[in-house]
Amino acid sequence: MQRLIKKRAKKAGLPPGTLIHIGEKKTDEIKITAVDYDETLFQEKELKTIVECFPYKDKPAITWINVDGVHQIETLEKLGDCFGLHPLVLEDILNTDQRTKIEDYGDYIYIVLKMLYYNNSSTEMVTEQISLILGQNFVLSFQEGIKGDIFNQVRERIRNGKGRIRKMGADYLVYTLLDTIIDNYFIILEKLGEKIEFLEDELVTNPTPATLQIIHNLKRDMIFLRKSVWPLREVISVMERGESPLVQETTGIFLRDVYDHTIHVIDTIETFREMLSGMLDVYLSSISNKLNSIMKVLTIIATIFMPLTFFAGVYGMNFKYMPELEWHWGYPIVLLFMFSIGISMLIYFKKKKWM
Amino acid sequence: MQRLIKKRAKKAGLPPGTLIHIGEKKTDEIKITAVDYDETLFQEKELKTIVECFPYKDKPAITWINVDGVHQIETLEKLGDCFGLHPLVLEDILNTDQRTKIEDYGDYIYIVLKMLYYNNSSTEMVTEQISLILGQNFVLSFQEGIKGDIFNQVRERIRNGKGRIRKMGADYLVYTLLDTIIDNYFIILEKLGEKIEFLEDELVTNPTPATLQIIHNLKRDMIFLRKSVWPLREVISVMERGESPLVQETTGIFLRDVYDHTIHVIDTIETFREMLSGMLDVYLSSISNKLNSIMKVLTIIATIFMPLTFFAGVYGMNFKYMPELEWHWGYPIVLLFMFSIGISMLIYFKKKKWM
Amino acid sequence: MQRLIKKRAKKAGLPPGTLIHIGEKKTDEIKITAVDYDETLFQEKELKTIVECFPYKDKPAITWINVDGVHQIETLEKLGDCFGLHPLVLEDILNTDQRTKIEDYGDYIYIVLKMLYYNNSSTEMVTEQISLILGQNFVLSFQEGIKGDIFNQVRERIRNGKGRIRKMGADYLVYTLLDTIIDNYFIILEKLGEKIEFLEDELVTNPTPATLQIIHNLKRDMIFLRKSVWPLREVISVMERGESPLVQETTGIFLRDVYDHTIHVIDTIETFREMLSGMLDVYLSSISNKLNSIMKVLTIIATIFMPLTFFAGVYGMNFKYMPELEWHWGYPIVLLFMFSIGISMLIYFKKKKWM
Amino acid sequence: MQRLIKKRAKKAGLPPGTLIHIGEKKTDEIKITAVDYDETLFQEKELKTIVECFPYKDKPAITWINVDGVHQIETLEKLGDCFGLHPLVLEDILNTDQRTKIEDYGDYIYIVLKMLYYNNSSTEMVTEQISLILGQNFVLSFQEGIKGDIFNQVRERIRNGKGRIRKMGADYLVYTLLDTIIDNYFIILEKLGEKIEFLEDELVTNPTPATLQIIHNLKRDMIFLRKSVWPLREVISVMERGESPLVQETTGIFLRDVYDHTIHVIDTIETFREMLSGMLDVYLSSISNKLNSIMKVLTIIATIFMPLTFFAGVYGMNFKYMPELEWHWGYPIVLLFMFSIGISMLIYFKKKKWM
Amino acid sequence: MQRLIKKRAKKAGLPPGTLIHIGEKKTDEIKITAVDYDETLFQEKELKTIVECFPYKDKPAITWINVDGVHQIETLEKLGDCFGLHPLVLEDILNTDQRTKIEDYGDYIYIVLKMLYYNNSSTEMVTEQISLILGQNFVLSFQEGIKGDIFNQVRERIRNGKGRIRKMGADYLVYTLLDTIIDNYFIILEKLGEKIEFLEDELVTNPTPATLQIIHNLKRDMIFLRKSVWPLREVISVMERGESPLVQETTGIFLRDVYDHTIHVIDTIETFREMLSGMLDVYLSSISNKLNSIMKVLTIIATIFMPLTFFAGVYGMNFKYMPELEWHWGYPIVLLFMFSIGISMLIYFKKKKWM
């Protein structure tokens, strides 16, 4: 189960800009890759130390530096110095319990958001914080270092030089990264949608307390998803409004597209939430229905056998003068009498539609 | 049951503008019809290949090209090239899991919305995505290719030349198409309204778990309807505001009318939702009432026969010295005693209004 | 029960402005009355044909034409031609399933809203659609033709020439008509308020499933009332803002008053809705309480008599060697023993406050 | 219990500005007091007829006329004539079913709001409508005439000449009156807060249907309180914005303070509402828990004694050949057997934590 | 348990600006510390009387006076006179039942907010009202005087002269104090988050009425937390907007960071609230499930033994002519018959999945 709140508290009382890594260390080694490209040129390199990437900074080509793992404070500090990042930005990159947000620092724009993976083995969502920094001719991206890099697809596209990406600026690269992340949300939503559809069937055929537990867990997932995705709407809308000179007008149309995807994700989450609420109601009333049917069985049995047992008890009394006991046909008559009581009770319940 | 979310995920990671058809192929053959008209002229033609429609583009008359079936990517690409559509628009037309929206690309306006049919045999709603493109003197419309074309009525009206339609521009044609689609929503709402009224009666006379299931399914339908219709409000409001030169002021008054219809649809959906919530409450309390009445039966039976059985048991004991057993009138007295206990219990329950 | 949605669907696919009457024909004959007045002059006339009213149009005095019954399409068409009404306005007047709204057509303002009557015999609300058209020196009003004309009071006031009405313009007449309609809402609210207060008492003393049914029906009424009244707020606010030259500033102060009444109506509806929700909760928990008290009775009876019956059963066994059976005081001792068990059980339940 | 809606309906259909008193007559005699003051001068007088106060009008000192009882229409009419009040204002003062509101008539501002008292004997809230009119150098206040005048404190402060009040204008007097009224809301809230805290304890120790009734009544009180206080926010915000020349800038800072108090009252009401909702949930689940514990007792008793009674019944059968009956130790063995069944059942229930 | 509402009522009716301490006296002695610093200079002093701090006022260095304990009215009055505070500000500082708010008085800004501590021994939240006044070159802070001063960390940072704090203005000091307080909220949230996670596990394994009580108390805490934190959003947003000359642009970026933290706190509170709601649903349905399983046990027992007891009763009847009783194998046959009934019942329940 995902932790509700990370150990952010250990930062309490420290001066702003103090660099402390918050969250689990997801890999031991951090991995830095640099891609340098423009319409004609393409260079890709895995860096051993962060210093190697500094020469890229002043070249006119677009430089994309991806840092996989944010727990090495020194590396980040050097990078921050080189690219002139505000200490608060570095602090936010290290603190992996950030809210999705965008911040315009003039020379660069800082975006932080959540990447979501669906772990098939544990059927759980895994969260990774992604920080993006968009400068004039560079893009920095920071991942927490979870296995499997979805940015590979983007790197591949740059490598091939197909499509628009090599012809456009750093803002288009950031758009591409955002688009990749949001496309991934659809995969999560599909998985959850399948779960919900499966549950809907189970709810009709065989609802168990386990069903409720799954509904409850899905609701929880929805709360987290919503918390992650909701502010994305504003993030992209801020970029699209084009107030920053870092975002060109030609990219605006693509950002509008990705904004539209975000709204679609949010809509779908809301739909799922409402459906889960509806399922809870159905589950609760199915419990009540079950109780009713149990009580009906009990009541039918009791209503038939209690009177019969009483009559048997009456003729089991030891009074001296009980004329019926002496009758030759007494026993079969009583049996017949009892039998007819039982039958008439059954007919009564059939009529009441209890059976 | 409608799928909650379409296989959009297969697009994840592809560059923007990549054309992939998402959704079921609803017909094998796509059908293209072109209508060319102005106040005096009228021409209608079913096209074999998309190329045939290109000459229409530069004529001053209004050209309406309707494409029924969106799974042939090539056809769309050619059409897009001819009319200068942005790759993102083509991508959205192909992706039949779009949110209702409007996008102004300067030279043309792109509108995507949902057409809803009510399948009488399966008593289910069927969704079809409609894309409309409004240019200076042309309208392109794209359907998914479900049987039954509601645009026939519009075509008929153009053919007859009655009414305003031949005298007005391409924007009026788009208005007419929108109006036709939204009018269809009222048919769906009427069907659902009838179902709800039927359920309200059933809820009073004979609520069963099946009733709950229908309420639940209707709630689900409402969630989907709402999701489809809600953004329409903004779509039409954007058109009406008349910021685009493509929408003339004279059409504004008609758009206001269709906007009003949209609000009416949304209002009705909200009303239905609230009524369904109310019905769930009634259903739940009717289950509880049923349980109470079952328990009353059980309690009445037990309360009458348990004491009686006890007394019968007492006189069935085998003690040597039980003087009552020897009495001549012992048996009838005990019977009378038991009878009076039973009667007094019944009177007690009558008083408590349990019977 | 009021129909949820009127047969609007039959209009689907027809060109805009097509005149079709939607709704029940409430009277067979339509009734047209014309009132012509200014500060000194007063003329009143019942018209046989609509043509008779045309001369009034160009006179400087204020003309009020009231049409009672909207199913004669021809009459409306002629009236529309004479006063220059847009076909969409005529369409809306005929369609009695309109949402409350205001539309400014420049030369005239079109207002449509709902009049509500409370039918005392069937204890149901009856809805009538009222359309008002405010021109420079004329007011047209359209009713569906339900028996009982609330506009009589207004006509009387004009006749008498008392108060402000004869001295002011057509906008003041429209204000007066709106005020009359909204004052009527208070009558409905009072009736419903009395019902709710009656129910609150009944809920405490004797809640039955019928109580729930009434709560449910009241909730339904509230949904409809709210749907009718809510948009009125905007209608009057639009008029009051005084953007149209048809509404004079002196009338503004009166419109503010009627706006205030509308808010008051909406507030009261919300209060009623919240109270009804609260009552449902009380009802549900009173059902549960009842179940608890039923179960207590059953449990008390079972807990007392089950052990007793067992002991009676033990001494009814036929073992050869059961020494107790031979004791002389065996029977009374056992009776005493049973009696003391019963009493101690009762004391136990008293302590547990079950009795 | 407070009436949900006052007999406002009797006004329906009358021309606007018709003066009719709505509400109960709270006192027989109306009481008029006039206070005339500036920084140096102070004069106080109880008036017999309203005419006596007219000379005050044109003096430069600030005149405060308080009318206690609003059912004498004539008095109000005269006052209205003298101070130039609009007929709609007089109508609103008479109609004691007003919504809290502010209306700027240019020469004067009209404020109407609710004073709330807590009746200790009946533990009910009592409402009194207060109308305030702020003119250039006069303040008119109207009360319904409930015993106990909270404005006495203000009068006392003017008399003493302490503090700011004598140095400032009529707007400050209105502020002081508003502040006094809103301070009174805190008293109500404290009373209700105490009730809620008491209920919270009772809910844990001993929830009864009476507890539910009190929760329900408190919820009802909250609905009314909220309805009264919510619009106050806007009233004071309108005054504070300082658009009227009648409110001076120096008073603005005090109005901001009273605005803050209003927000505080609203916040507290919302908090109480949420707490009451939570308490309802706890109550409902405590009923269910009680039912569970009742059913456990029944089930334990039945599960122990039903098998035992059966075994006693078996050995009470009258078959000729039942070898066990002949055994010498048969009886004690059976007793032991029964005893061990009973004990093992008890152990089972202990394990299941039912006991 | 925290009091719902403090004894604010005792202020009712007093003139504005009357200084009365509301709330418990948290310490007997008030403690005043003054810190005077700029980039080079640092001076710290514990003051005996408030008068000692007056010389600081006119120095150019930044002066921070912290008053721990607000129940000495005289001290506050003197301080207020010296720094020119409005009487309403002093009144608000004394009244410890303030809503979180910001007020701009031109020469200084007044901020009041709540500090939250988590009392580990009583597992309760403790609230302390903090008032901050930001002037040109001074900051006044007021605490209620709870043990443990979180401002020590800030004082330490000033002492050390590390970081930015000594180089920046009074506004940065206020930012630092706000940041410290909000960082503390994260500690509270972590504690509550741990409780919630613990409860989630318990809810699955062993839900008891005590679990419900804890859920209820947590919900209550959330209501209070939300009430305290929600208005902080606006407070910081007002400061950040930079309309006051007292807040410099360079501090804006830090305020944006603290604003972000506030949003994060609010988001987390909302998440917790939703999770607690979900847990209540799970709890309620787990009670119902328990009831169902209890009823199943009862029904199984009753359904098996009632028929058996009846058959035993039949053969316990004392009729003269009951041929079965004479049969030699009668007894074992009946036993076998009973046994087979019992077994078939058990099979039936197994099939129905009741066991």
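We call the chains A, B, C, D and E, going by the order they appear; numbering starts again at 1 in every chain.
Everything that follows uses one rule, which is that a contact is a pair of C-beta atoms (placed from the backbone, for glycine too) under 8 Å apart; a residue touches a chain by one contact, two chains touch by 3 or more.
Just so it is clear, the model here is predicted, and its values are computed rather than measured.
Enquirer: If you take the chains that touch chain B and keep only those that also touch chain C, what is left?
Expert: The common neighbours do not exist; no chain touches both.
Enquirer: Taking each chain's centre as its mean C-alpha position, how far apart are chain A and chain E in Å?
Expert: Between these chains, centre-to-centre, one finds 26 Å.
Enquirer: Need the CA-centroid distance for the pair chain B / chain E, whole Å please.
Expert: Comparing mean C-alpha positions, chain E is 42 Å from chain B.
Enquirer: Would you pick out the residues of chain D that each touch at least 2 other chains?
Expert: In chain D, the residues touching two or more other chains are 284, 288, 291, 295, 298, 302, 306, 309, 313, 316-318, 322.
Enquirer: Could you list the chains in ring order, beginning with chain A and heading to chain E next?
Expert: A, E, D, C, B
Enquirer: Considering only the defined contacts, which chain B positions touch chain A in the complex?
Expert: Residue positions touching the partner: 1, 3-5, 7-9, 11-13, 15-17, 86, 88, 97-99, 101, 103, 105, 209, 212-213, 216, 219-220, 223-224, 227, 280, 283-284, 287-288, 290-291, 294-295, 297-298, 301-302, 305-306, 308-309, 312-313, 315-318, 322, 324-328, 330-331, 334-335, 338.
Enquirer: Considering only the defined contacts, which chain E positions touch chain A in the complex?
Expert: 150, 153, 157, 162-165, 176, 179-180, 183-184, 186-187, 189-190, 193, 196-197, 200, 204, 253-254, 256-257, 260, 263-264, 267-268, 271-272, 274-275, 278, 281-282, 284-286, 288-289, 291-292, 295-296, 298-299, 302-303, 306-307, 309-310, 313-314, 316-322, 354
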